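In the two complexes that follow, subunit A is the common piece, with subunit B as its partner first and subunit C second.
The block that comes next holds the complex of A and B.
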């Protein structure tokens, strides 16, 4: 039975903006990131990567490299034990170790340029790098499959010979489509027949990268006792532990992962690329610690970008402004192995609308590109790029107000989501209304510079958010402060947001709760920071543990006063007796007496939350375009979002602003530019055009607070939905400015000139 | 990357001797903003880098009535922070102030940009429209070469084994000279040209264009001096829209771009046309002020 809450609003700590606990270390450069890890006897590992996008490995000869001075070990896929086959439920996650191990180090085929083939451990980084050049690999080159159309063509080269696709329940061999599923309700054909206007459009999207500043890294020791100790910057230390143990085929208890600070993840640091390799190199180097750090090229070519793909949306509306039917067909690039964000994309695509007749087809398609990974609201931005442009087009053709149309068709509690699930308490209406009432929406577009054009776009987006497993330990200190251990990696200010939730319950200032993220051996299992689950689920655990600590302290006060524990109340930082007003003691004074009343106190909470509170966002984007060059400048941007309850408003705003910036980069310029040979041409930050601070205006934020009844403080995850609306908001603004709709991502200057010249 | 020697000679002759000895496996280093990135990226193997910043001639600036000469290792900021130069050599200033950010500009210079010889080098076209000359030293002495003849292909130039760029020389512009450079980039900074155009004009006493040059970047294997574009302007009024249109068309005709991750052939030719017209007008405006 799910507990529900009626969150209040008169908080002491929640909703304030204290300085983050980890701020000083970070701004002074003392924080230890993955590349900073130093242990005695450290040696370096480097990876040899495939020069081809698609090739069969005929042979690998490592003998020259092994003989090179300074080299300790060389590993290939053959050094790894035969993996457990099929989909494995680890109890925490469903993984396919067979494929993960092949992605870690290629076995019989290389499936993308940059695919790791072998690794060398040597006395220093240059020696290791030079030794990789001594490894001889014989390839038989195959035709690269570069996008979903090529992958789904009748005569397509097959990437994975052992793949059995699930096509609407049928097993299919010799296919690049790992999965085709369908969500359907209502009568689609009747819905279209009853429509007065039907708009159908097909959109294409390229892969994009999260672009975190810190490259992937791992340092590992496989010691004489058989125990692996690893340091890695990651969104989930338990995921590193379980994936490493799974690929090395040793028990999880034989792997200890120490999390280090993370220089950006955005979903991309949920997969393991180096830790098991570093461990295997360590084993073959007689237990020397091995450190590995990717360079930027490898991060682009061989980590986990967000899928590109092809999406067709067909929407029918009646003349009274109601959506009658929608069919969305989403084909996502999984990369080299199955498992794109197609499932989430299909959940999100129709989620902003109440649609009586709905069909969603999803395809998970393997192509010769790196295996895709999560990127903030995985799958949702691509889906939004398509459906929100179709909505915009319908409003343009009918002359309807774009926010009113969205309000008239908005999902509310009880609406059926595209995958059939009924919505609980959601705040889409409130978010749309806040956008409609915003200063931005009610301000004119403004005069463009001479010769320029301006346009305004608006779009919505959805993310369901996550719950899952979290653990928090609290330890009462003699000075009345509280140490807080949590299992969640802090990728966006969650040390503060978790500590603040404990502090709220404990009646302490945020500064008196000291958050710490220990190793996997020192805290209960906690799922990866992702799905926008951490402030919600780990915060829930902090709330529960704090309540337990208060209960235990109340019992100590009862001992102190010789009264019944049930008579002790706690309010505003003080314990007092309900019957004797003389008996009252502050939190800190009682903490000093804990030793006299039975000894140290600690509290722990492990939760497993099945449900979460979904989030919606609506963005308004004003662009100025030079029609002669296609140069596009964002001149004003407002992001409106239902945040449930903002625990630390500055960090919630930061998430929203960061999402807008990443989304605008994704919309306007970022793409994996794939050459004819299947390689990524622009694998540097020079040519992978992320926006810089000079490209962005101030991102205005409006936080709507529709508390989530599933959380004691009403928290909804805020970290992912900000990335859903920017793509279509920008594309719709381009249409408004130039009068032409661009359906191929990115909406870059060359495409704008091309559209204008038609 | 292999270990390599770092050599810091005090004279041009010493530097030339080291470069001659190692040939392709030695490179001069000034700011190193291209060289180090390329070496780390595995583009070439080095036995030695020759730091030219300890050679006085390579880091000096001389500006007098005969013109301007600055050493090959003079960093960008020393050009644009000099008010005398920025008034007289506006095209060079456009380039010096837009290459990289402030950190890069304090290391990188126009000499290095020329020697790197990429088709997209922002510094090269402005040198051409300022009628620049490269002063080259080598084992058999010194020679001079017009900048437009310096680059021979992507990343390739006319420097022979043991040769190095010593300085860049420019004639003193007349009081009715104006020049400008602009590139098109999708972002506002920290980006590489999709196409770039530099233009210069010199006006006669009647306000007509007496001399004109248009140079194009990132639209061919080397920076291109579009002579027909300049010719379309000479003898015409500086306000002659038809002449400016003709210059734009001639420049687009002279461009021979490829389609790649940065842009397409059509986009680049179109941009050359647009930017040529804009740069000619800006150069005229500057010539008049």
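The block that comes next holds the complex of A and C.
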């Protein structure tokens, strides 16, 4: 039975904006990130990467590198034990050890430019880098498969000879399509036949990168007792532990992962690229600690981007403004190994609309590009780029108000999502209404500069959010403060949002709860920070543990007063007797008496939340376009989002603003530009140009609070849905400005000029 | 010509005189991190495009990954560790905390050093000037909104 909660609003800590607990370390440079880890006797590891997008490895000769001065060890895939079969769920994604070990270090074939082939440990970083150049690899080049069309062509080169595709339940060999699945309900053909207007459009998308500023890194020691100790920038230290143990084939208890600060992840730091390699190098270097830091080129070329692909959406509507039928066909690039975000994309694509007749086809397609990884609301932004432009096109053709159409067809409690799941309490209508009533929507577009064009776009987006496993420990201190241990990586302020939830229950100021993230040996299992689950699920555990602590303290008050524990009440930071008004003691005073009443108190909570509360966002985007250069300037942007309850409103806003800007970069500029030979041509920040402060205006936010009944404070995850609406909002604004729809991502200056000259 | 294995450097980092030997190829970034032991300055790209390694050399903002350690001989280097004083945080540090101008925090040292370079020379910049000045520093988390507001707040406070 899932517990549900009634909304409240008279909070003392929740909804306030204290300074985050880890802030001081981060503004003074004292915070220790993965690359800052220092261990006595440290040596460095570097990776040799494939120069080809698709090739067979005929031989690897490491002898020269091994002999080079300063070199301690060289490893290849052959050093790793045969991987175990089967898959494990790390919270954010599924690990398949057979494939992930081949992604870690190539075996038999290289499947993308940048694919790791060998690694060297040496006395310093430069010596290690130079030694990688002494490794001789003989390749037999193969034709690269660069996109879903090439991958699905009849005579396509096959990337993975052992892949057996699941095509609507049938086993298929010699294919690059790992999976084709379908969600369907209603009568699609009848729905289209009953429609007065049917619009069908095909969209293409290129891969994009999460673009975290901190490159991947890992430091590891594999000591003589067989124990691995690791430090790595990750969204989930337990995921690093389990993946490292799995690839090295040692028990999880033989791996200890220490948390380090993480310099951005956005979903991309859920995979393991270096820690098992560093551990293997350490073992072969007689237990020396080995540090590895990826260079930026490799981050682009070899660490998970978000899938590109091809999406076709066909939507039918009746003249009274109702959606009758939708068929979406989504083909996502998984990269070199199966496992794109197609499953989530298919869940999200129809989720903003009540659709009586629905079919969704999803294809997971392998191509000669890096293995894709999660990127905020994985799969949803691509799907939104397609369906939200089709909705916009229908409204344009019919002359309908774009927010009213979305309101008239909005998903609400009881609506069936495209994959059949019934929605619980969701806030899409409230979010659309807030957008409709916003200052931005009710303000004129404004006059463009002479010669320029202006347009406004609006779009919605959806993310289901995550629950999963979390652990929180609370320890009452003698001074009446509370130490809080939690297992979630803090990507952007969750120490504060979790501590604040405990503080709310404990009647303490946020500053009196001290959050700390210990190692994997020192806290119960906690799933990866991903799926917008941390403030929700780890916060839930904090709430539960705090209630337990209050219960234990009430019992101590009862001992102190010689009364029945059931008679003790706790309110506004004070314990008191329900029957004797004379008996009352403050939280801090009772904490000082804990020694007299039985000794130290601690409380723990481990939760495994099956359900979460879904999140919706609606964005409004005003663009100004220079028709001569095709350059777009974002002149005004408003992001509206149902956050459930904002625990720390500043950091909830920050998630929304950051997502808007990432999404605008994705929409207008960012892409993996793939050369004929299958390599990424723009693997630096100079050529893969992410938005700078100069490119963006202030991002206006409107937080709608439709409390999530599944959480004691009504929290909904806020971190991911912000990335879904910006792509179509910007594309729709371009259409509004220039009168032409651009269906190929990114909506970049060249395409705008092309569209204008047609 | 013989290249020496190490170059002798005398410099000042955050007000403290320092003297060390650096390999001639070693960047100022690695010199600060690996030799001086100050890891507040971050590596993001090693090609001068992200600004995470921003430090101040004799009053100029530089990407320390593009400068050699040997080049700061006789110069004055300030890193993020040099912003706070005995009296407390620099107003920019305080404003970043109050305005929630950091999320993951990896770009924060670079932004703080860059923003200080602006306020040292132009105490009252407008929003456009702040955005222009900080365009060499990438932040992927915040969307820049709260960073710009924090710099505005620090400028107003000083």
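Here, the second predicted complex is superposed on the first by the 749 of 758 C-alpha atoms of A that agree within 3 Å, B and C clash if a C-alpha of one lies under 4 Å from a C-alpha of the other, contacts with A are read in each partner's own complex, and residues count from 1 in each chain.
Keep in mind that, in the parts below, a residue touches a chain if its C-beta (ideal position, glycine included) is under 8 Å from a C-beta of that chain, and two chains touch if they have at least 3 such contacts.
Quantities reported herein were computed from a predicted structural model and do not represent experimental measurements.
Engineer: Touching A:464 in the superposition: subunit B (first), subunit C (second), both, neither?
Structural biologist: neither
Engineer: With both complexes overlaid on chain A, does A:126 touch subunit B (first), subunit C (second), both or neither?
Structural biologist: Touch partners of A:126: subunit B and subunit C.
Engineer: Of subunit B and subunit C, which one touches more of subunit A's residues?
Structural biologist: C
Engineer: When the two structures are overlaid on chain A, which partner does A:682 contact: first (subunit B), second (subunit C), both, or neither?
Structural biologist: The first partner, subunit B, only.
Engineer: Report for A:748: first if it touches subunit B alone, second if subunit C alone, otherwise both or neither.
Structural biologist: first
Engineer: Is A:692 touching anything from subunit B or subunit C once the two structures are fitted on A? First, second, both or neither.
Structural biologist: both
Engineer: Tell me the contact category for A:658 with respect to subunit B and subunit C: first, second, both or neither.
Structural biologist: Touch status of A:658: second partner only.
Engineer: For A:673 in the superposed arrangement: first (subunit B), second (subunit C), both or neither?
Structural biologist: In the superposition, A:673 touches subunit B alone.
Engineer: Is A:629 in contact with subunit B, with subunit C, with both, or with neither (first, second, both, neither)?
Structural biologist: The answer is first: A:629 touches subunit B but not subunit C.
Engineer: Show me the subunit A residues, by the header's touch rule, that subunit B contacts in one structure and subunit C contacts in the other.
Structural biologist: Looking at subunit A, the two contact sets intersect at 126, 686, 691-692, 694-695.
Engineer: Which bits of subunit B are touching subunit A when the two form their complex?
Structural biologist: These residues of subunit B touch subunit A: 1-3, 41, 184, 186-192, 194, 260-264, 266-267, 270-271, 274-275.
Engineer: Which of the residues in subunit C end up touching subunit A in this complex?
Structural biologist: Subunit C residues touching subunit A: 23, 25, 30, 33, 38-47, 49-50, 52, 79-81, 83-84, 89, 93, 96-100, 102-109, 112, 127, 130-132, 134-149.
Engineer: Once bound in the complex, which stretches of subunit A touch subunit C?
Structural biologist: Result: residues 17, 19-20, 22-24, 26-33, 35-36, 38, 125-126, 210-215, 261-266, 293, 295-296, 491-493, 648, 650-651, 653-655, 657-662, 684-686, 690-696, 698-699 of subunit A touch subunit C.
Engineer: Spell out the part of subunit A that touches subunit B in their complex, as residue ranges.
Structural biologist: Touch list, subunit A to subunit B: 126, 129-130, 297, 628-633, 668-669, 673, 681-682, 686-687, 689, 691-692, 694-695, 748-750, 753-754, 757.
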